[in-house]
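Labels run A, B, C and D following the written order; every chain starts at residue 1.
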Amino acid sequence: MTLSGFNNLEKEEAGEMLSACCGSSNWSSFMMEKFPFKTEAELVSVADNTWYNECGEADWLEAFTHHPKIGDVKSLTEKFAGKEQAAVGTASKDIIEALANANTEYEKKFGFIFIVCATGKTASEMLRLLNDRLKNNREEELGIAMGEQHKISIIRFKKLLDESNWQALKVSQLTTHVLDTSLGKPGKDITIRLKQFSDGTWQTMAQGVTNADGRIADLLPPNRSVVPGNYKMVFETGNYFTANNIKGFYPIVEIDFTVFDDEHYHVPLLINPFGYSTYRGS
Amino acid sequence: MTLSGFNNLEKEEAGEMLSACCGSSNWSSFMMEKFPFKTEAELVSVADNTWYNECGEADWLEAFTHHPKIGDVKSLTEKFAGKEQAAVGTASKDIIEALANANTEYEKKFGFIFIVCATGKTASEMLRLLNDRLKNNREEELGIAMGEQHKISIIRFKKLLDESNWQALKVSQLTTHVLDTSLGKPGKDITIRLKQFSDGTWQTMAQGVTNADGRIADLLPPNRSVVPGNYKMVFETGNYFTANNIKGFYPIVEIDFTVFDDEHYHVPLLINPFGYSTYRGS
Amino acid sequence: MTLSGFNNLEKEEAGEMLSACCGSSNWSSFMMEKFPFKTEAELVSVADNTWYNECGEADWLEAFTHHPKIGDVKSLTEKFAGKEQAAVGTASKDIIEALANANTEYEKKFGFIFIVCATGKTASEMLRLLNDRLKNNREEELGIAMGEQHKISIIRFKKLLDESNWQALKVSQLTTHVLDTSLGKPGKDITIRLKQFSDGTWQTMAQGVTNADGRIADLLPPNRSVVPGNYKMVFETGNYFTANNIKGFYPIVEIDFTVFDDEHYHVPLLINPFGYSTYRGS
Amino acid sequence: MTLSGFNNLEKEEAGEMLSACCGSSNWSSFMMEKFPFKTEAELVSVADNTWYNECGEADWLEAFTHHPKIGDVKSLTEKFAGKEQAAVGTASKDIIEALANANTEYEKKFGFIFIVCATGKTASEMLRLLNDRLKNNREEELGIAMGEQHKISIIRFKKLLDESNWQALKVSQLTTHVLDTSLGKPGKDITIRLKQFSDGTWQTMAQGVTNADGRIADLLPPNRSVVPGNYKMVFETGNYFTANNIKGFYPIVEIDFTVFDDEHYHVPLLINPFGYSTYRGS
């Protein structure tokens, strides 16, 4: 469908399609007040503003309930055969069971199901992420989960408007890349937390696990700009060294940096057991 | 045209089309001995092997003569309005004149016209490159120019077989990226020479100028692998500092490295006035 | 005096000399239980163990009261003409007044006077340090101040036993060195906090300001080993950039590292506005 | 002896003492024209200027002949028991034989004996150095050997005037320090060549092997300043990796840098198998 095809739909039908992208009824109502949308960028921008600034906890939680719960082995196995989470498809039974257990634990701890934009993630990356996120507090998780929901909404926009050209959609404003300069290879399976200073304390606002190329493609949702200020990326290098049987000097690497504007910020980490570097990349 | 469309052409017509990609008659004859081609990759591979291993100086020089000579202001101006060298289109008169003069000087020094794969290069990058290459010896220039011709041939393949999917074509085996970590910006307009040890001396085998993102996209032709061994990238950092009114400690940065196999090698440079780093990237 | 000269003193006289090094009566009593001392190293080791492990808050506070209070302009001016704090001698009136005010504020906040091993520090480094330490909590300051007292005790040992050879005395187990690689010069006047994880939170255990060579000579007392575990050095790079009118990307640099044993750990920082490196030095 | 004691000697006796420091008759004659010397620094400065600027090849070769030839096993073994080359004392028979053979080869190749300031060098460092220097050409070796002679002369000055305070003598103007940041340890036994651009080519002007702390203490003679211009340090990292069974990306590391003035230049190398950094240190 093209954007103009979408714009020409009856309001009711268009609203239903938006609801299929994100299950918050307030969100789709607010969105429909702005319907039709001039450009794909406007659609994303309105969705962003509605979700982050006009919706609140109740709306976010409502959206979460509209995700098929993937809390048991059966649904997980089925789900992973589906399209959205294809990368998880080759997961072993062990990992699926561990995911099921962690999902249960997650819901018990936070009161809502684990929401993650699974696109491009392997099952073991997912499991790592789930276990990592279990360590956050509820406020952090609520913020992370609603960010994940927004990434999912945008992916669903792209599927809905599959005849649109989405190339102008900007990637995550903050990106990173880990290279292990002892091995000359990407640093993979490293947990990274993006934190912001909020209410007198550092809060995790997004997190991920580096992929085989040492990157996290979607730390933040596309086209989203964070508020200028100080942020921090925390890399769990100690776990990485341990997992690779390396004696390393750095249990954790924390990089504090300033976001001055809404440009893209690339914050790579060159790590080796007894030294590391970072710089603003491009 | 698709590859099968091309393969179904009469031999004579197919041969003419190849000749339009590279003007060496031996090259197109040798190529036609392998006609038809199973895949686009095979086409490129045969072209590569023919050009580098079966052809010689006479063939290379013949190909160079089939390029429209861009040695005078009139032809340069016209040429730059054309498709292949679109990026040069906005060149000022001064730059066009300087290019014309340098072209003349080049032909006088080396006995053949200046060959460069102009795609994506601005006129001032071209002028810088031309002046840099004037400093090479004839043997180096012959090698560089024939490499440029091969890049041009591949670009012409892509235009010829415009219905093919060229995504599997691998980028330059050796790439670099310069970042100025004092400014937090790419290091642009930096001349880089790729050298190999040959006949007891380091010979420049390819060279370029970093673009606005601090990169040289096409240091080597696509899908080409260099022989395993020791190579050297030489960055003219002194000129970069001077051009930016910076007092720098490094007149030049030389990075010697070993190519072990035909994988991709990314050799970035993080430069600041009194320090630099390099690493094997990904 | 030599060590054997000291050992041959009457107990009472020796005890008085120790009391002049550190004003805690328990400390000097405990020390005298071990009198005489076989070597200078043993003297320092016993002093260290007594001060850190056998003494407590009341003893530390008692020692602090035996320092001449340098809380007003008159005493500061006099004191700075003395031997121990010679480096402060050239301080301007403004700095002396600021020091006096900050001393008053410090005592009001923490309930004890500001203790610092002033040897080798300029008045402006002292003032910076005092203002930095005012930001700590009482528990942190108590720990820092008793560490400073111990450094002072050792300096007084060296003056007392001025015929001893103190070359075997090891410098601070943890050291750092800041170099600004944009300028090719040491990074001076940078506040550094050494933190340890204690009671579920990071506590500042020592802090200093880099000198003209970018170093802090005495972050920890000589011959003292910290408990193996994770530590953190925090560099106030944002203030450094601001003070030098540089737009920098890093408001703060935090380096987490692991102390495995009682060897020396050198943790340098190579900083420039948009990049930094660290490594284990030697 | 103090400097004034030396200055009060009869001219003949003083001249003989200088001759014992350096065996060139012109050098000692020229030196005696400036006798007596106001300060130790003046003595060194006059010696430097005489040796580098007033003497020539014939004088340098004459001085070399006054060294006890250490070209056979017997003299090597004896020599190494002496004071000047104490560090070689623990050399195994194998190393002594290898040294003897290399000495013979050296003299055959260059026509003069191998001159090296052995102070502080182990026998295996000496052997490495000798084998490395065998690869130089005669012009390079003549320059290096006369530099070594000058270092020896200064060491002999210090022994002669053993009551002088030599602390103001400045160390090598150019220094380096190699750290292996994969291991968190100094990079030892790494050959380093210091080159200058001379007569259109890079000439080795000094060379050494890093010690256990990753340093070369005496790359240049004390108090000597090189001419401002471009220099290059070449680190034989490939050999280092091979010797340590590490697959490394860098067969050699070349650091080109500019000497602007007669200040001290510290040019460290942080190396790991797939990455390295350098900076101007302090």
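Following the convention adopted for this analysis, a residue touches a chain if its C-beta (ideal position, glycine included) is under 8 Å from a C-beta of that chain, and two chains touch if they have at least 3 such contacts.
Predicted model, so just to flag it, every value in this text is computed and none were measured.
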By Cα centroid distance, the chain farthest from chain D is A
Can you check which chain pair, A-B or B-D, has more C-beta pairs in contact? B-D
Given over half shared residue numbers means same and under half means different, the chain A/chain D interface is same
Could you tell me which of A-B, B-C or A-C has an interface matching C-D, in the sense that over half of the contact pairs are shared by residue number? A-B
Centre-of-Cα separation between chain D and chain A, whole angstrom: 59
Using Cα averages as centroids, what's the distance between chain A and chain B in whole Å? 39
Mind checking the centre-to-centre distance between chain B and chain D? Centres are C-alpha means, answer in whole Å. 45
At least two partner chains per residue is the criterion; list those residues in chain D. 179, 181, 184-185, 249, 270, 274-275, 277, 279-280
Contacting residues of chain A [partner chain B, same complex]: 177, 179, 181, 184-186, 213-214, 270, 277, 279-282
Once bound in the complex, which stretches of chain C touch chain A? 230, 238, 248-258, 274-280
In the complex, chain D touches chain A at residues 179-185, 249, 270, 272-275, 277
